[in-house]
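Each chain gets a letter, A, B, C and D, in the order it is written, and its residues are counted from 1.
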């Protein structure tokens, strides 16, 4: 599988640099006859966009997708769907100082070593902006999943603050996308304090999938949990993946684990049980701190922006597994 | 990619059930001219084998690999290497009671739902015994990595006990493969106590890769961390993957993260930096507890047995990334 | 896709050398619940086997397949199916003279150049014997195609003799598998004459698929004709592939082509129309001639033996396309 | 492998419809540091373009590629290269009559059956215009092949006329791209006569690869000839593939075949020998004849336009095999 593609039957190919002409995605394998319009992408692109609150980066990204292939008279045709998002906030001179100075904790260093020649502007291909492609693909993926599947991500933890309630309807009403309104306030204060000292905060995202179809996932290397793990760790900010009881399984006696179906996270033997999925992602604090952060265009906390990307990747994995299961059922 | 295969250029295909005639592996893409002999596999197969101590399952697995293809006069030829391990401990009558009674917390339930017809004996295809194929592939993978790469896994945590020292030479001298001799004793006692009450214990495995080559990993979906995550979560017992500072990144300020290269775990931008890798796997407690465990053939703690499997998968991922990088360098 | 594997959803992995311990195949992706028994393979293995008549090689291959994985109580389980055929006619000393002397027109030369170290015995991996794996896979593939699909190959041409009738029931009654009984006699005489002067004969095989399902084939690179072409040319003896009117299209005016649906060969736009497929394979004369042939263990005409292999590959391609279409329909 | 992608290490993904907003290609896996500019594509796009002579379609395609990703300061970065070509000659009303009336011999019929919803305008995704993507990819592929490789296609046959000389420098000086200047004249007259009666002509293209590197091609299903066959048959107009002596092998005695290295076509055992490749493609006559052709926008002979597409696909296959070989050498 080429490195910029993901999925066996619902295949997502991502391309584009943060400061090149455009980012984009090709989705191959989407069934025909599905309604799809530019407007479908706007809400998720908006959710992914930085600069939505005083907490996040000042960079203005007005993402207008253009469907250049695969849609005819408002519906998919079975042909590859190609979507382009032009970059508008290109100020390459802002990045000239990074040409030969890799930023600590960024991909700059390894990309330079591996490829020799690289686009140093704002992370280039390794920029978080690449995730626009995932969000676009996720919108399409959701359309082929059976009705009733709901993929809900939220900030379970930010810095020292851990949510203890799950009220999904409150998620979009606070800038960090925490499902616990009280904890959300503490998180906001924490991130504001990070920002004030030019520092950043990481966290843990929980993605729940309500109404998960059963039978998703294939044997051995195609286990649902294995595909999800690859999908999550393909995102730059993600440092870990776990499901169900997560790393807490290390301390659980087997008798407790077996008795608590929630610990399975909706997956047994690598295959979905039909119960809700519970997926966890460890999000590192942004590496742009100190002098870099002082320039004011960096997020003190990328967690809320990563949430729609994680949700999109979950949708892509589920759509792929759904088609795979359908092929042989 | 077919679900029972893994790797783009060094491709591992696993087959076989725990109580069928044989397990095996096909490794496609191994360069020619590499010395390989049946004896090469025996130490790692022995490390994976249960029943090595009073702590573990009584099941006797005397794994004798047979190389049926790909080796000529003691060396690889570039043709696919096929290796077979016959199952000798087949007592299907032991499992007759499981035919229509899926064991809680096992794959039995989802395999039955997904496939209708399944091999119910001892987990069948979903048995931990499948990992014999991984161990065989790992032995070959290590041979194509540059000299000096050393992949060292150990039990970082079992139940409540967390190792605080890393003395790699002590790992094989205690049954739980803990690199901290003092903690090892406490772990052994803990597992013995679990066994006494027909319960089981999980843990966390840390895999360090010393002498990691730089430049391993591809862009976006082929990131080294993404491939490792898929590889880890393809193992039944694994509930989570993390690297470097792991889930602790959630609580770290960015300034701390950036200042501590150990937090990166040897991976930046999804590509190896040349520093040691640090990888973590959450291992669930075995689901065979209570009545099932009382029959006496089950491991109270699979952690030490999972270690050689994790090491093998790391070797496979690194070998694949090594060939991929070589193709385009 | 690894080089020894074929197919996206019904994936065939071939392994083994002609004079190694065994040949075999792993079929991944076969749906569960399909009846499969060793006896199913015997007729096709017998059809592929050399030495069936005075016309063909004296090498005795008594191919006894062993199913080592994927079948439980006589039916598939969705797990990979692995089948082994032991080599029994190993006389490596017969080939010692070939160790450093590549035979003209054989793969010996290029394998030595590419891999350095090779199995020189009887072609090793490049031996026609490798096609045992294809025949095994073809038997399984046929089982997942809808009822009524019939794949019929026959010798359309051998040397100068071209069949003019198609009487499928007569195919197995002459050693060259010609569907035209009169031409068959001339072909037999021609091959006998070749044999008498230690020479060999090539030909053209036509494969017709009666009862082809419609809608098989995917866009662009996954066109049915493209997959079939790859499948055919993956066989050592095949020098060309064509469908429908074949290379005769070069001389046809468009008005004639469009008016004659038979010219389309059952494929339009790369997708099956539901009409019978007509596929053609150019088979080169065996390269073992003169002194090599004089030793008496070589086929003067491999055409009849290639026929079941071509049929098997057609079955594999159709099965894969069938599953692919089902996934998204 | 997704159906609109081709190649393991040098992966080409094609997208776009003939009358949609744009066509394009994503090339993943191109090594970094290679100079690439929009101007590089223009000559090959011009060669592929219809309407270059009175013999061909009147459709005006002024193909201006835009590189939207993967190039930084004039060189590749190892990131996926995405290129777009806008469609300018969109007159959808010209095709309204085809909405429910599939044209005989075209993909219209099978696309409608398979997908239900399709873009009926000018072939949509199945249009020959899709090959723009191949030509773009071919330009990049040539850049990673070793210096000295020269891929030369020409019209070996058109209708009844067969070239008997090979003078490569004359190919571009006649509208049908025949390497035999005398035969070229007869071919031109033949096609003009076809045009006059609203008919069309097919032919045979020969592609020679001068300076072919040795060792290209992988075992079994990845044989060079198998990859080339798939590549050729992925083009709508191609009805057959052969190499070396082609279908003539059917009539050759083995003694003659073995003695004539030209018969091998530069490939033995599926691997390049280092000699020139000789590849043949049967090109069907265009299916637009009679009333459809009378409208005047259709090619009476697509052979010359298919030549640069075939050359491009050869370059893509060779580049992919080159990287594959390099990975393991």
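Following the convention adopted for this analysis, contacts are C-beta pairs under 8 Å (C-beta built on N, C-alpha and C of every residue); 3 or more make two chains touch, one makes a residue touch a chain.
Here the structure is a predicted model, which is why all the values come from computation and not from measurement.
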Inset, instruction - Mind listing the chains that sit against subunit A and also against subunit D? - result: B, C
Inset, instruction - Report the chain whose mean Cα position is at the greatest distance from that of subunit A. - result: C
Legend entry - Intercentroid distance (Cα basis), subunit B paired with subunit A, Å: 27
Inset, instruction - Averaged over CA atoms, how far is the centre of subunit B from the centre of subunit C? Could you give it in whole Å? - result: 38
Inset, instruction - Provide the C-alpha centroid distance between subunit A and subunit C, rounded to the nearest whole angstrom. - result: 46
Inset, instruction - At least two other chains touched by the same residue of subunit B: list those residues. - result: 1-5, 8, 14, 29, 32, 78-80, 111, 114, 125, 219, 324
Inset, instruction - Answer with line, ring, star, complete or other to describe the graph linking chains that touch. - result: complete
Legend entry - Parts of subunit C lying in touch with subunit B, wherever the complex brings them together: 1-5, 11, 13-17, 20-24, 26, 28-29, 32-33, 66-73, 75-82, 84, 111, 114-119, 124-125
Inset, instruction - Report the residues of subunit B in contact with subunit A in the complex, numbered from low to high. - result: 1-6, 8, 14, 104-111, 113-114, 125-126, 130, 157-160, 194, 199-204, 214-215, 217-223, 225-234, 236, 238-247, 249-259, 263-264, 268-273, 280, 282-290, 293, 324-325
Legend entry - Footprint of subunit B on subunit D - complex, ascending: 8-9, 29-32, 78-80, 219, 323-324, 326-329
